[in-house]
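After this come two complexes, each holding subunit A, first together with subunit B and then together with subunit C.
The block that comes next holds the complex of A and B.
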């Protein structure tokens, strides 16, 4: 299984991927952290490296989730199309082991992309002499990676049974519902009637991405961190990953 | 493979235990701290905002998830939510008038669910995708608690009068008909004029509001109500009662909310309440604004108007303003 995970990871992350993602990260960090920025939030102009760090982390989080969807989208459908599944299964590897390994490989590749983007922030922290920011931003990224890992796993699992475009759409919808989870949850709780129950059930199965991001922000600001949303997301990630034990395509 | 399965299973058990443990921890400390800060305003500041206003006098039910935590007399009691939906409100029960608010984390997610400011779409997007998605400041949350405490006070003091006022607008279609007419350009222009007059009166530096401008505001208001009556076919008295009712209920509560922000020395937040007066709003929301603005004018015209309001037969803020302005 480890060999399969390693192989999937290597296939997703070719040598060039790291350089391309890191380069994109560098360009973004350069744009965000230098020059006379016109960025304003709530009418206040955002200037100075320390003020820019949360902005840079927000962008990193956003790009990482998009990359997680893109990286995970084709892995499993490609395996079925190339009939590689057949070759693997006849060698005694069980279908669940294969699906699990491909999904974990996708998740690791997503994590790798996120860390590649983060490396750019580290370089800028060092360049500005703000080495003290490296540890809190690293912890911040680790917490935020829970969202990317979940998206990657969810897209991988959907792609076992569905075509690529359905998996991509599912990824985007899950991301939107995760980011707007608090609002959607409150709306579902303020609504009554037949639609409210399935809405609450669907939201129960999607992690609250914004709550996880908030905990990452709390690490950065030194505020107290609530483990509940992080553990809740990890539990859902675990459940999604467990689906790989039971899902497989008929045509191998 | 057995070792993998065992580790995987154990990981699941540990995660489930962690989720269960964290979900059982009860009311977040943050909410208790904010409740206590609201109670600290009872050092005379709340009494100056509105005589008899108090947070600690009423049980406050804070909703988090699918549980409610009733904070009262130093105790926190967990119970099933009374309402099927989350809301900021006050409601009379057999034993007491309860204040009902969602927890701070829920309010952060949605802003002020019923009572809040509405930001721009750009701000909304920035906020949702930003790493720090905090919507509501601590002072805003405390102000909302005071807003609901005002509703509790209204229920304790004016319940009978409110019922009488509500009888005049008993037709359930009144609100819908008025809302439909609000897209009319003529009505919109009149709303705009009213909002502008009220905003200028409230923020003017003069000690006393200019009597002529107050009269102009009252005239603009009456003209708008007459036009609304003509366009909707609703009796003018019902249109007036509708405005009076919501200005009394929500306008005074919004006024308390704004003054609580000032009592907390949050001038920036208070400034936001003042700025909201010049925004054109529709539906019930416009009465939150106009009611608050009128209360602020009454403060300058007659410092003891709140006691007078309790004694008078009428509970119309606009009528009160008209009488005081001569």
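The block that comes next holds the complex of A and C.
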């Protein structure tokens, strides 16, 4: 299994994705953390580096989730379509081992994408002499990575049975539902009729991305961190990963 | 001693019967040729033997501990890997220890004529090189049964001769080999016994000694074009 995970991860690393991501990360961090900003809070102009860090982290979180979808949606369908599966399955690798390994490989690649964006922020922290920010921002990234990992796993699992475009669409919908979880939850709880119960059930299976992001921000601001949304997301991640044990395509 | 036995194999795709009650067996140390026109059901039969596709009916009898090597018709390797890395990847999946793997990889890449290209990325390989790499990976772990699907596909004249010589060499080493090919001369040169498949059924069997006076081509045309008869002694 480790060989499969390593191979999946290596495929992503050797692609152009990481170089593009690292470059985009540098550009975004440069734009966010330098120069005059028009962003104001309570009428006060936000120009200080420390004040821009939460903004930079939010952008990192947003880009990372998008990258998680992009990185994860092709791996499994490509394996089946190119018949790369043949030379793996005949070597006694069980379907669940195969799917689980590819999914974990995707998750690691997504995490690596996030870290490569984060490294850009670290570079600017060092450049501004704010080395003290590196540890708290790293903890923020760890918490925020739960969203990316979940999205990567969910897209991978959907792609076991579905073509690439369905997996991509599912990823975007899950992301949207995760970000708007609070609003959708409130709507579903007030809704009546046939659709209310399935809507609540679907929302129950999608983590609250905003809540997780909020906990990450709390680390930075020193506010208390509520572990519930993070643990809830991890539980759902476990549930999604367990689906790799039962899903496989008939024709390999 | 039989190493593999296929009994009344059936495979249907919707209403189409790709394989229709095919039975044959393979003796240890034998080279068996699978011959048939395109769409005869040869590749589907191989996939059923390897467990790559489910059986609609019948059964494949093979000892679960039998090590099988497989070289597909259109081999696909992850393009970002080098030839050596691809071999290493498959050796890891086979759980070969590092020392054994290194020894075998070096030997097999040399055997396949890819030693000089082992550090080159697979995406830069020609079709012939990919075919030879597929052959090399099939031999990893010293399999008892080797299944080669169109092994000379994509090879030039020299490559083809070399591949057939390699198969001959493996045969002398006592390997059991199943060769699926539509090239009659390849089968004629290498196989001890050939089964001819048409419309998913067994259309004929030819032993090497049987075709001494005539050509396999004649038998093939007769079996495929003429009355289809099943051989009971398979």
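Criterion: the second predicted complex is superposed on the first by the 240 of 252 C-alpha atoms of A that agree within 3 Å, B and C clash if a C-alpha of one lies under 4 Å from a C-alpha of the other, contacts with A are read in each partner's own complex, and residues count from 1 in each chain.
Convention: a residue touches a chain if its C-beta (ideal position, glycine included) is under 8 Å from a C-beta of that chain, and two chains touch if they have at least 3 such contacts.
Everything numeric in this text was worked out from a predicted model, so none of it was measured.
After superposition on subunit A, the partners subunit B and subunit C are accommodated together without colliding.
By the touch criterion stated above, A:4 is placed in contact with subunit C alone, subunit B being left untouched.
Applying the stated contact rule after C-alpha superposition, one finds that A:179 touches subunit B and leaves subunit C untouched. With subunit A as vertex, the superposed Cα centres of subunit B and subunit C define an angle of 150 degrees, given in steps of 10. When the two complexes are overlaid on their common chain A, residue A:83 makes contact with subunit C while staying clear of subunit B. A count of residues in subunit A touched by subunit B and by subunit C gives the higher number to B.
Look at A:132: by the touch rule set out above, it reaches neither subunit B nor subunit C.
Using the contact criterion defined above for the overlaid structures, shared-chain residue A:222 touches neither subunit B nor subunit C, since it reaches no partner. For the pair subunit B and subunit C, the model built by superposing on chain A gives 13 Å as the shortest CA-CA distance.
Residues 4, 11-12, 15-16, 18-19, 22-23, 25, 28, 84-87, 102, 105-106, 108-110, 113, 123, 126, 128-134 of subunit B are the ones touching subunit A in the complex. Listing the residues of subunit A that touch subunit C in their complex gives 2-4, 7, 10-11, 14-15, 82-93, 250-252. For subunit C in complex with subunit A, the residues that touch the partner chain are 50-54, 68, 70, 72, 74-78, 80-81, 89-90, 92-94, 137. Residues of subunit A that touch subunit B in their complex: 1, 41-42, 54-55, 57-58, 61-62, 140, 144, 179-183, 185-187, 189-192, 210-211, 213-214, 216-217, 220-221, 226-228, 231-232, 234-235, 238, 242.
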